[in-house]
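See below for the structure under consideration.
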Amino acid sequence: QDLEEVSLRLKWLPQAQFVGFYMAKAKGYYEDEGLDLTINPGGPNLLTENLVATGADTFGLSGGTDSVFAAIEKGLPITCIGIAHQETPFVFVSKADGPVQEIADFKDASITTWFTGANYVLFGMLAANDLDRSSMNIQPQQVSVTPFVDGQVDVVTATRYNEYYSLMTRVGEENLKRFVPEDYGVSFPRDTLIVGNEFAAEHPELVQGFMRATVKGWLDTFADKEAAIDLIMQEAPTLERPHQEFMLDEIEKIMLAGAAAEQGLFTIDMDAVESAHQILVDYDVLGGPIDLAAAFDSQYVDAIPSAERLPE
Amino acid sequence: MTYDPMSPSQHALARGVFGGLALFAIWELAARLFDLPSYILPAVSEIIARFWTARAVLGEAAAYTLGEALAGYLLGGAIGVALALAVTLVPQLRKVIVPAATAVNSVPVVAFSPLILLWFGMGVSSKIVMVAVAVSFTMFVSALAGFDRVDERSVNLMRSFGASRAAILWKLRLPTALPLILSGMRLSTVRSLIVAIVTEMLGAYGGLGWVIYQAVIVIDFVQVWAAIFVASIASLGFFAVVSFLERRLVFWR
Amino acid sequence: MNMPMTYPSTMEPAMTPADEPILDLRKLSKTFGEVQALDGVDLTVQPGEFVTVVGPSGCGKSTLFNIVSGLEEPDNGSVLRFEGQSVHAKHLLGRVSFMPQRDLLLAWRNVIDNAILPLEIEGANKAEARAEAQRMLPEFGLAGFADKYPHELSGGMRQRVALMRTFMFKRDLLLLDEPFGALDALTRTMMQRWLLEVWQKHKRTVLFITHDVDEAIFLGDKVLVMTARPGAIKLARTVDLPRPRSADLVTSPEFISLKRELLDAIEEESMKTFGPASH
Amino acid sequence: MTVQANMAGAQPMARRFGAVLPLLKGLVAIAAVLLAVELLVIAFGIRPYVLPRPSAVIEAVLRTPGAYRDAMIRTGLETLMGFGAGALFGIWIGVAFSRLRFLRETIFPIFIVSQTIPVIAFGALVVMWFGNTILAKAVIVFYLTFFPVTVNCLLGMRAVDQKQVQLLRSFGASDREIMRKLRFPTALPHIFVALRIASALGLAGAVVGEWFGDTTGLGVLLLQGMYAENMVAIWASILCSAVLGIAFFGAIGLAEKRIVFWGGESS
Amino acid sequence: MNMPMTYPSTMEPAMTPADEPILDLRKLSKTFGEVQALDGVDLTVQPGEFVTVVGPSGCGKSTLFNIVSGLEEPDNGSVLRFEGQSVHAKHLLGRVSFMPQRDLLLAWRNVIDNAILPLEIEGANKAEARAEAQRMLPEFGLAGFADKYPHELSGGMRQRVALMRTFMFKRDLLLLDEPFGALDALTRTMMQRWLLEVWQKHKRTVLFITHDVDEAIFLGDKVLVMTARPGAIKLARTVDLPRPRSADLVTSPEFISLKRELLDAIEEESMKTFGPASH
């Protein structure tokens, strides 16, 4: 049996966030679809869209809708074929007993956020709540949440599966207050699956196979999280297991939220995509609207019945 | 008749310029001929054009990075020379400090970056500290070699004139070590900028590294290359200035 | 022309305050760990005297100088008297003019600033010191070279700067450790004659180390031959040759017979160092 | 004469012992330092976030020894490959440059400029060109190591005593022979200085190279520790880097002692 | 004891194939850009002869040697004849044994391997060359030092290794450029005597540069004095002293009178270099 050599570029290093892909590979689902898949981790200063566009990688799990928009605008020949995180994976966190109790308090607070996508979520939230960010103190956020823990920062950005875990263990969940973007009228689907246009045009069946195997991998993951965590710990043994367990629980929630709750994993919810797109257009992050229909191609996910994309 | 291939020819400068231009020409040609998209390799002309359109951003970033690099460079230089001096004046320290410094140097500086970022935050201080760490060892080694060159007989001569330790340090040890200290300073210029940029790319509020990082996120590779060019020019400029100072200060070579 | 004739050893008693030698060493020994460098050196130097010391390589000549200039302490039991007083070596730091084997000029100082180094260390006024050095330049054959740096000078000139530095440090006793060792034979001859002129004018006491018997006789009032290591004084000979001394002295019979005697003594000692293995 | 004979006999033994003794001393010293830090952290109640206890760091390494071992092997291998190639190429190009002035004057400035570029800035290019293979990392290490070697190789060749060249020519030696028998050996001490510098640079290159999407290596562990704010993991990676770095440095030092036994001072 | 007596100049005609000098220089000149180093040197050396050359510093002695060893071409119009044939200087590369002013030993080669360097370059069998060098060691006072490296040797020993290297390069003409210049006076005396022994045994032609008149007379069959720059031959004197020569020769009347004559000639030239400014 001739296997096609392909690769998947992740947005970051191996962790429970990506375990479904490892699961699919371990179970041989990709091979079943004729794919000899290599999973390449990401890293700082690596852009998944870029590597897929140049053909260095076949598939990618890229930053999110925002990075897909940017890539399309710059003319990179890629297409989004599925969205993993149906709701914004970020939350904004303040101290329960601190000065920031409601979103209006952001006005006089010191806020840090990542200028790699999360900033647009914040901007959208602020705009939706009639807050003028130009007069606010918003700084780039470093890797560490310690400035927040130490009280130098009032509002910090956290991924629900990673930094929030650190905050919980260091400050205690009861001492934290979360601002969830969806509660403030903003949603940024992230962790987008992308493929190079040339490859998709030449091998639509392989793209389809990749999609099928991936979905199966994730469903298996949610069906036996213990085994999934074992797998990821094997992949990256220095990780902390409790953290990974927490991460997988959160990832499960995020991946099965919104439209996916009904239609299944990797659903492309064009409404959510359009609203995110509108925010970026409004903020002049994008020079103008892009052709969303060309950038997001649902055919591969849609070809898999929803029932087969949902846990039993 | 005795042609020495090691000595520079009178065409050295012209040849250097020619080499650079040839490289740029090949680069430009390749980019245009194969119609390479900018995320693979932008044409030189495009990059240079970007210099102009993004001059404000790039200039500000270069100044920011140079500021960090310079501060770290001076701090690291001072630490390196001070350590070398301590080792020279208190010989018992040598057995402790030299191996310790060597061990610390064996660890890639970047390995310290997470710590330094965690300890000193994302602002300029973390960059300054990183550069200082990177520069101080080179400076320590150079300065120590310089101080070790001090001829014991010269020290004895000064002592025979009744000179104090301070006088010997000031009038003999420091000037003797100066050529090596300065050559260490010269070698450290480029590294200080690179370390500043690398650290910026891991988290910063500004600077060339930050510009590069941001440009990658918005897939603007022309900007990435323009920033790299600026970094190169800044490095070469820094190097040239220190070389000039070196020639001025160590006139007796 | 006849005044200088009577100058050397014959004049000594008249010049000394009270017959007191300026330097008086008795049973001077020095051991470095295992190595005994000096073993019971006895030596007196009268004020105004020019004493030359020859001896095989490594016999401890430089060590002797290091002690007299205060850089090293001799072993216990050694007696070191300077200007009539028994002293510790370290008390001699800053009290004798010491010129080491090499010129040891500071590369970053020009001729004048190299010359005034000891005065600067003494805390003298820099401008005055410079002015004084300027005045001395012609005498040292350095007129017009005030602003030159050591790397711009020939070996002979560098040596003259080093000598000038030594002379500017006005101490009664000058220790010169092979000052012309690095010079070629011809330059060396020139420098010897010139040194005698300068010395006769400045009337300082000189203790002078050399490897060269011709040089030792040509310059000295007294020549000391040291034994192989551990060094001691093997032989002391007064040089009864008239001053000022001219170049053709070296072919005079008195010179030759003294040279013969000294050479024999040195050869005996050299043989001990060389041994039969090295021919 | 007998003393000399004894010395000659004693030397190899002293040499062998001399290689082990500093190593032993070093180990004792490191242990002492770790212990001191441990006590310091406990005594002053330093937060693990600022400085974890060394025992915790060592424990972390021992908890998953395989991961750290694999990372060290991988990073070490990358460094070794790139360093070996860089050293050889650096010397080769140095020799070529010393002979071919036109080449040197045309290309050397480009090399110089290339060294002012931070590798991390074009990580994506490296991945595009070489993929996520060990080769990609070796290339980065190579890029960082060859240059100092070339510079010092040239410097060393220039340090040749012109009088020695003339002497060999008077014996009828060809340029080739002069290169082999005189210029190259004269340059060796300089080359070793460069190798020592390059070993630290090369290791740094390997670590940074692993930030461009890789599965194993100290750089990966470092990143993982960094983004999980796991101080113990960060220190564990630093410790492993230090071990690797010191090993490289020491190995080069040993090689230098053997190869440049005359101490580098020519006459 | 009487055979060696007749050895030097008197024996020359008998030893030469046909009265042909091994080296014959006429109107030899050399200019470096602005600087004229040599101006019309006339010089013949007979086979087996030991010719010494003295002259003030910078007068062009080393330049002369560089030409004769093939490293530099003389100016046009110079005549350079070697073994009876007019040659270009470059044809002399590899045809004379040249020993430069400093020992120039290769630090990474031990005594033996330094000595066989010229043979190696000639393409000789290494093992044979080494064996031959081994045999020569005792004669050069280096027995037991075969495996030592230069940094383990004293200055005198290094010089002997350099000499041995020169002797191993078996060419009829040996050029020795101040081989003992860096040694101290006493070691130097030892080396001179030893060199004469070796030379007498190997019967090579020697052209020997020195600064030291004693050395020139002590060693040479003929002493040449060069003028100050631009160098030419100012004076040539045959040394009619018996061989083997012993140390006490230097105090013999013939020696002294020759020395006097040569010194005067040199002084005259030296004065030109030194000039009045330098005393």
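Residue numbering begins at 1 within each chain, and the chains themselves are lettered A, B, C, D and E in the order written.
Following the convention adopted for this analysis, contacts are C-beta pairs under 8 Å (C-beta built on N, C-alpha and C of every residue); 3 or more make two chains touch, one makes a residue touch a chain.
Keep in mind the model is a prediction, meaning the values are calculated, not measured.
Asker: Through how few touching steps can chain A be joined to chain C?
Answerer: Shortest path length, in steps: 2.
Asker: Name, by label, each chain that touches both members of the pair chain C and chain D.
Answerer: B, E
Asker: Look at all chain centres (mean of CA atoms) and spot the one farthest from the centre of chain E.
Answerer: A
Asker: Would you say A-D or B-D is joined by more C-beta pairs in contact?
Answerer: B-D
Asker: Where centres are the averaged C-alpha coordinates, which chain has the largest centre distance to chain D?
Answerer: Most distant chain from chain D: C.
Asker: How many angstrom lie between the CA centroids of chain A and chain E, rounded to a whole number?
Answerer: 86
Asker: Nearest whole angstrom, what separates the Cα centre of chain A from the Cα centre of chain B?
Answerer: 39
Asker: Counting in whole Å, what is the centre-to-centre distance of chain B and chain E, each centre being its mean C-alpha position?
Answerer: 52
Asker: Between chain B and chain C, tell me the centre distance in angstrom, where each centre is the average of that chain's C-alpha atoms.
Answerer: Chain B and chain C have C-alpha centres separated by 49 Å.
Asker: What are the residue numbers in chain C that touch two or more other chains?
Answerer: Answer for chain C, listing residues that touch two or more other chains: 277.
Asker: Counting only residues that touch at least 2 other chains, which ones in chain D make the list?
Answerer: 1, 49, 120-121, 124, 128, 225-226, 229
Asker: Any chance you could list the residues of chain B touching two or more other chains?
Answerer: Touching at least two other chains: 40, 114, 117-118, 201, 212, 216.
Asker: Where on chain E is chain C touching in the complex?
Answerer: Within the complex, chain E contacts chain C at residues 56-57, 141, 143-144, 156-157, 181, 184-187, 190, 193-194, 210-213, 247-248, 251, 256-257, 259-260, 263, 266-267, 270, 274, 277-279.
Asker: Using the touch definition from the top, list the residues of chain C that touch chain B in their complex.
Answerer: Against chain B, the touching part of chain C is residues 66, 69-71, 93-96, 98, 100-102, 104, 106-108, 117-118, 120-122, 149-151, 169.
Asker: Which of the residues in chain A come into contact with chain D in the complex?
Answerer: The touching residues are 9-10, 12-15, 40-47, 50-51, 54, 56, 143-146, 162, 166, 235-240, 243.
Asker: Show which residues of chain A lie in contact with chain B when the two form their complex.
Answerer: So the residues of chain A touching chain B come out as 44-45, 47, 49-50, 53-54, 63, 67, 70-71, 74-76, 115-117, 139-144, 146-147.
Asker: Under the definition above, what is the set of chain D residues touching chain A in their complex?
Answerer: 49, 60, 64, 66-68, 120-121, 123-124, 127-128, 131-132, 210-215, 220-221, 223-230, 233, 236
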